[in-house]
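Heads up, the next two complexes both have subunit A, just with different partners, subunit B and then subunit C.
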Partner chain A sequence: MNHSSKPETFADQVHAIPGGEHLELCYSCGTCVSKCMIQQKVEPEYNPRRLLRLVMMDMREEAFKSPTTWLCSACDLCYSACPQEVHISSVIGAVKQLAVEAGHESPLETVSVDESLCSGCGICVMVCPYEAPHLVEKEIDGEMDRVSEVDTNKCMGCGTCVAACPLGAIARPGVSNKEVRAQIDVPEVDGAPRLVVFVCDWCLRADDDVTLLESYPENVRVIHIPCTGRIDPEMALMALRSGIDGVLVCGCAPGECHYKRGTHVSTCKISLLNRMLDQMSIGDGRVRFVQIGTQDRGRVRNEVDATLKHLAPQKKEAV
Partner chain B sequence: MVDASRHPKVDVRTYTEVERVEGFVGNFKVLLREKSRYVHEDRCNGCGECAQVCPIEVPNYFEMNLAPRKAAYVPMSQSVPLIYSIDMDACIHCYKCVDACGELDAIDFGMDDRLVWEDIGSIVVATGFDHFDPSVIPEYGYGRFPNVITAMEMERLNNSAGCTAGNLIRPSDGESPKSLAIINCVGSRDKRFNPWCSNFCCMYGIKNAVLLKQTYPDMDISIYYIDIRTPLKGYEEFYDRAREMGIRFIQGRPSLITENPETRNLYVHSEDMALGQVLEHEYDMVMLNQAAVPQPDVDTVSSVLNISQSPGGWFMEYHPKLRPMDSPTDGVFLSGACQGAKDIPSSVAQGSAAASRAGRVLHSDEWEIEPVVAMVWEDRCISADGKKCGMCSKACPYGAIEYEQGKPAKVVTAKCHGCGGCVAECPHNAITQMHFTDAQILAQIRALLANQPEEKILAFRCHWCSYGGADLAGTSHFDYSSNERGMRVMCSARMDSDFIYEAFRLGAGAVLFSGCHPQDCHYITGQPVGEKRAERLRKQFERMGMTPGRFRIEWISAAEGDKYAQVVNEMQELLDSIPKQKLLQEIEELRPQMEKRARRMREVPQVEEALEFADRLTTAMLNREAEVVE
Partner chain C sequence: MAKANGKPKLAFYWAASCGGCEITVAELGMRLVEVGELVDIVFWPCVMDFKYSDVEALHHDEIDVCFFNGAIRNSESEHIANLLRDKSRLLVAFGSCSHTGGIPALANFYDRESILARAYDTAPSLDDSRGTRPTPSSEVAEGKIDIPVFYEHVKTLAQTVDVDYFMPGCPPVVDQVWNVFQTILTGELPKRGSVIGADGKTNCDVCPRKKGESGLRITEFKRPHEVDLDPDLCFLAQGVICCGPATRAGCGLPCINGNMPCRGCYGPPDDVVDQGAKLISAIGALVDTDEPEKLQEILDTIADPAGLGYRFGLADSILSELKYK
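The block that comes next holds the complex of A and B.
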């Protein structure tokens, strides 16, 4: 029957946005909540199941204020496990769209563009998984110029664009070029190989694995980055130039990247870098990229140990 | 089982497959393949000497492949009859068993399968269900992590007659587990695999938890669930008892299981609904309550027995509420989980009901059927003139029409269920359906379109679904256009293209072709026959230049009264949107084409003649009945 006389509810509005139509299928089993790592790692209040419930119960303002609306990075780990095949990130995206339309703003820490450096090349527009940056004509220092502008409501802060920007015009607090480079400083310990390990914030699900990494002696320097997309090949080259023996990059498995495409981007970057190192005859497994899946508990230790073992005989060879 | 095998009137045939079923209710002829055991059943005394000397070991299917069995084997120690078989796929022909058998001389490597025809009165299908293979769910790591086991494996590990003599051990290291997680709904209530609830897993998981808790009181047992379903008598009390025993129930479907590579312990990641928090608990062992799924060979069984399947592959019952133990084919009955996942009490109840229904067939000399059966008008059937046709036989979902070139087609009345598909398919108007003759239906069409036909929406509804839908629309007081004129036929397969041509020839504004949803069809494959015809008509009308939507095809179930009303209203809106002059012009333009195509109308041009035809038919029927009585 036609229910046209009924006033439009919040659920109807979400339902009308493409992707929001799966909403009603959710039977609140909680699979999405535990498959997602945001509650565990970042925000205890994060709960996609509850957000869907808030929408269904017509609790508009609560939904807009919920951290779930803003923190979901649409990695779709939950979708792959959802027994009702609800495309949860699309539903959350629909709520976010309504929230933005209602004047709410993302509380996330996002990247910022230094307009005086930006040349308007558009590389950031290409690499961003969220279509956050776009090129605009703007008046800068009295001249019209084409620069990149970031939509802060779309940016999830992965830093892929920071690594990609050829002019270093983009920065993200905490992982700007300067801050990361400052950490690439590994002391000599008993003649053991010196290793830099870049770990993305999301590939290590188990807390044991994170604490285990910290327990290595000082010759293993662990640098946390939001996503392997943030890896700049220049960082690896810098490390090797300063006499560090190897670089290990740990990221999510394909299809499990928290920022959709970061793993893919870094796979390309590191395979190119390795080809270049081979041409310079200093390759030989000095820079490695490992993809750690959600079920690979304990694998990171094996990988670090294997890399250290591999680097030990090369230790004395000059780079 | 032993009692049944000893009963003088019960003949148990094990290791036997039904190859073919012919005939009809009360008079089935069944071809059985008695598979060769390579052991003479009358000579084997079940001593097991052959198994003792057999050097070959293969995984034991009954023990969920957790233990070996020999190539000379019985499936399980309680097998009835207790006769050994030789597994020829594994046998290396060392003939040690022949020597061990000695004077009994029961083993015969030259044996072959035996094919036997049997006369059978009624058939009960009790083929049961299969288990879902959880290794296709990567998140749960079954097959990758040794300590993740299925419920059936747990059943063998915790059985005093099982492969470990009742000692529960972890497959990874043989240690006794101190903690166990039971996960419900593995592969069921999951649209990616099986959308249904498997019915008994909640109780089954609780049962295993209680049994284990009784044997190992210190064991920490958690059950992860989405909803606990304990609707039957005593079930909720059992659930209470389990909670009182200290079994922990966690509401939240686990999304992931990870393994500690050193200890081989498992971490279950789930949300706890009550806390709204993500939990990551460590367990020694995880048991998956896998879904019940139809047997892998349901397609073969349903084609041999000519019974239909519900969505998902369960066998379809005649009526979900009133006749859950009958199949749509008379004389074939359903029992237990082959019809849908069910627990033991329900299976026993349905089995007893099916047995009494089957007994009713055996004890009666006559069988009552619906009177709406098909009849062949023999002098019109072109097959009698030696021409090739057989359209009717192809359309029949029940194999009720015997067709042989050179003889008129013959309807086996006891097999006919009266869908009318053959009647509509016959290109020579040689078959008719009692109570739904062409003459009767044509007379109705003409009566319904007698006045201002261009304003009318003529709706053909199938008896089982869309007629019910229209009925529901009425009883629910859903408003729909009063220009709708409904007609009932038994199945969408009976909706002859000539009826549609005739309706448009008479100037009908719009025609609705409605029936059951695909797979809901009461007559197994009636709906697809109707759908194919309707689609052909739709394309034909499109080419003729008819306004799209004047002929509409919709599948409406008996529960969709709102949809019926909506469809009719949409059709009315369409008619209102066409200017009347334009509509009349279109009708006039198409009329000659309709007249040309309504071939049957040329043969039966007037209603009077049609009614005459009906009279002749009735007389013939009466005469034939009189003959039978004599």
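The block that comes next holds the complex of A and C.
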């Protein structure tokens, strides 16, 4: 049989893209699906096993339209679980690349750049886990300027660049600076410590933990962010300045971040912020970052309680 | 601003400052002679012999423009700030110290007593400690001596009195000083409370260096003297912290052109509330490693995060607000 004379199949095309070559190793056990947070949290139709089957069965259009093609953020929780060691996110990435080449577009909420504010510093280019932004020279208000441009098919909407942009030139619907700041408003309730909890959309695996966050009294304000990469130390300081007693940031454990780098980014930012507060002799544990692992059911309650308990005596002193 | 009854009256004052702001004015050279012909200088203690009583003798708003450099450190600087505010139609915070606290405000990391103890007891140049402390008022054989009261912390001019305009820089660069003089003399001033003699965006907007590439990660921070710096590449891409991303443009990049990273003296750009926090929001996102346990080690290579982020702006920072509220 002469393989070269056969027309190129969809599987051949995926196979030819670096990362797509592991396609045939998949024997459709579905372990990947059981590990995947997207399937559990946002899209029941999301299913890497099925996507890989679609490719092998030459079902091109179905694969391009599958949410799996677009929603995978390459967190790679499935990779460590796969008995065949298929680097599934790379295979999905290869499918996505072909989909984009065929004219399909990402359905995700992505970031946009306000070119009149952008200074072209390139911080977003460097920090993005997905290589979505790049710098371009273009005419803005009649003058040539260097600004950031985002490939919306690569952007996963994590918001890491939104927080890193020094000029607030990047926004993502729902988590722009303005929208997040507007939520940093915690009323005084019976002298109880006022706490802001930033919680990553992915770190809480158990439904109980998610519903718990809705049950806190008004002195605990929960602000949902797509990823702790979105954390901006300036927002934490603004919260403290407004009289809020503490800021708790909940994110994923290292290696489990949904957007690859968010946990590392947040670790660094909160650590530097705490060093600055310590240098000013006003540290006292008011800003904390906790990393909640996949097995840490109920942990968020303990962390919120512990933070409130820690802040209570300080609150009394201040009064 | 030409006045019907004569030339506009100008005043210059220095509070807690180093004298660099006066030098930048002197750097105007022959242009200063030009300014001198157009205005009456009614108070400039660094350059000419004036007494505070000369200022006290002026009417309310008699000075057209007062350029005030230096931070508010003691009761004397506060007193003169109030006096000049009363006598001046326009009060301009001139330079980093009056704008955001400047170098003197780094003292806000410490409290008053530990600063005095260092100066009077433990400084290496002292032979012995006699536990001396400045006494605001003391009786001596010749009479009573009053000296200014040293405050708990350093404040900006605007934290002390109302300020009409802010001119950043340590010191403001001479071309911007000239621009501002001309703007003021022609009366074409922006909205009250604006920053003048600077631009809206950040230094990165005008920096010609090649920016870092996609996926660049810092695994070690270096100080400028520890590395042979590429003069054409972004400092951050070389692991050297540059405050350019969180610093207002307008200086003309003398440091960056001298192959030294920006230290942030032009203060935060519009819309940035806290310069240091914004800087670490950018820098923190650049750090990474495949071994998360090493993140702290990498961060420890930043010797002094708050000193870097607030080298010229500690008095104006949220950190100072939280500490001295």
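Rule of thumb we're sticking to: the second predicted complex is superposed on the first by the 313 of 319 C-alpha atoms of A that agree within 3 Å, B and C clash if a C-alpha of one lies under 4 Å from a C-alpha of the other, contacts with A are read in each partner's own complex, and residues count from 1 in each chain.
Definition applied: contacts are C-beta pairs under 8 Å (C-beta built on N, C-alpha and C of every residue); 3 or more make two chains touch, one makes a residue touch a chain.
Values in this document were obtained by computation on a predicted structure and should not be read as measured data.
Asks: One more residue to check, A:A163. First (subunit B), second (subunit C), both or neither?
Replies: Only subunit C is touched by A:A163; subunit B is not.
Asks: Scan A:S119 for contacts with subunit B and subunit C and give back first, second, both or neither.
Replies: The answer is second: A:S119 touches subunit C but not subunit B.
Asks: Classify the contacts of A:E85 with the two partner chains as first (subunit B alone), second (subunit C alone), both, or neither.
Replies: first
Asks: Tell me which touches more residues of subunit A here: subunit C or subunit B.
Replies: Between subunit B and subunit C, C touches the greater number of residues in subunit A.
Asks: Thinking of the overlay built on chain A, is A:L272 touched by subunit B (first), by subunit C (second), by both, or by neither?
Replies: Second partner only, subunit C.
Asks: Examine A:G298 and indicate which partner it touches, taking first as subunit B and second as subunit C; both and neither are also allowed.
Replies: first
Asks: Is A:M280 touching the first partner subunit B, the second partner subunit C, both, or neither of them?
Replies: second
Asks: Quick check on my understanding: which residues of subunit A belong to both its subunit B contact set and its subunit C contact set?
Replies: The answer is that subunit A has no such residue.
Asks: Give the list of subunit A residues in touch with subunit B in this complex.
Replies: Per the stated touch rule, the residues are 1-2, 27-35, 39-40, 44, 47, 49-50, 78, 81, 83-85, 205-206, 294-295, 297-299.
Asks: What residues on subunit A touch subunit C, complex-wise?
Replies: 117, 119-123, 125-128, 131, 133-135, 160, 163-168, 229, 231-234, 236-238, 240-241, 254-255, 261, 263-265, 267-269, 271-273, 275-277, 279-282
Asks: So in the complex, which bits of subunit B are touching subunit A?
Replies: 138-139, 141, 144, 185, 189-192, 226, 251-262, 267, 269-273, 276-280, 478, 562, 565-566
Asks: State the interface residues of subunit C toward subunit A in the complex, per the touch definition above.
Replies: Per the stated touch rule, the residues are 108-109, 201-202, 204-205, 211-217, 234, 236-237, 244-246, 249, 269, 271-274, 276-289, 292, 295-296, 298-299, 302, 304-307, 309, 318-323.
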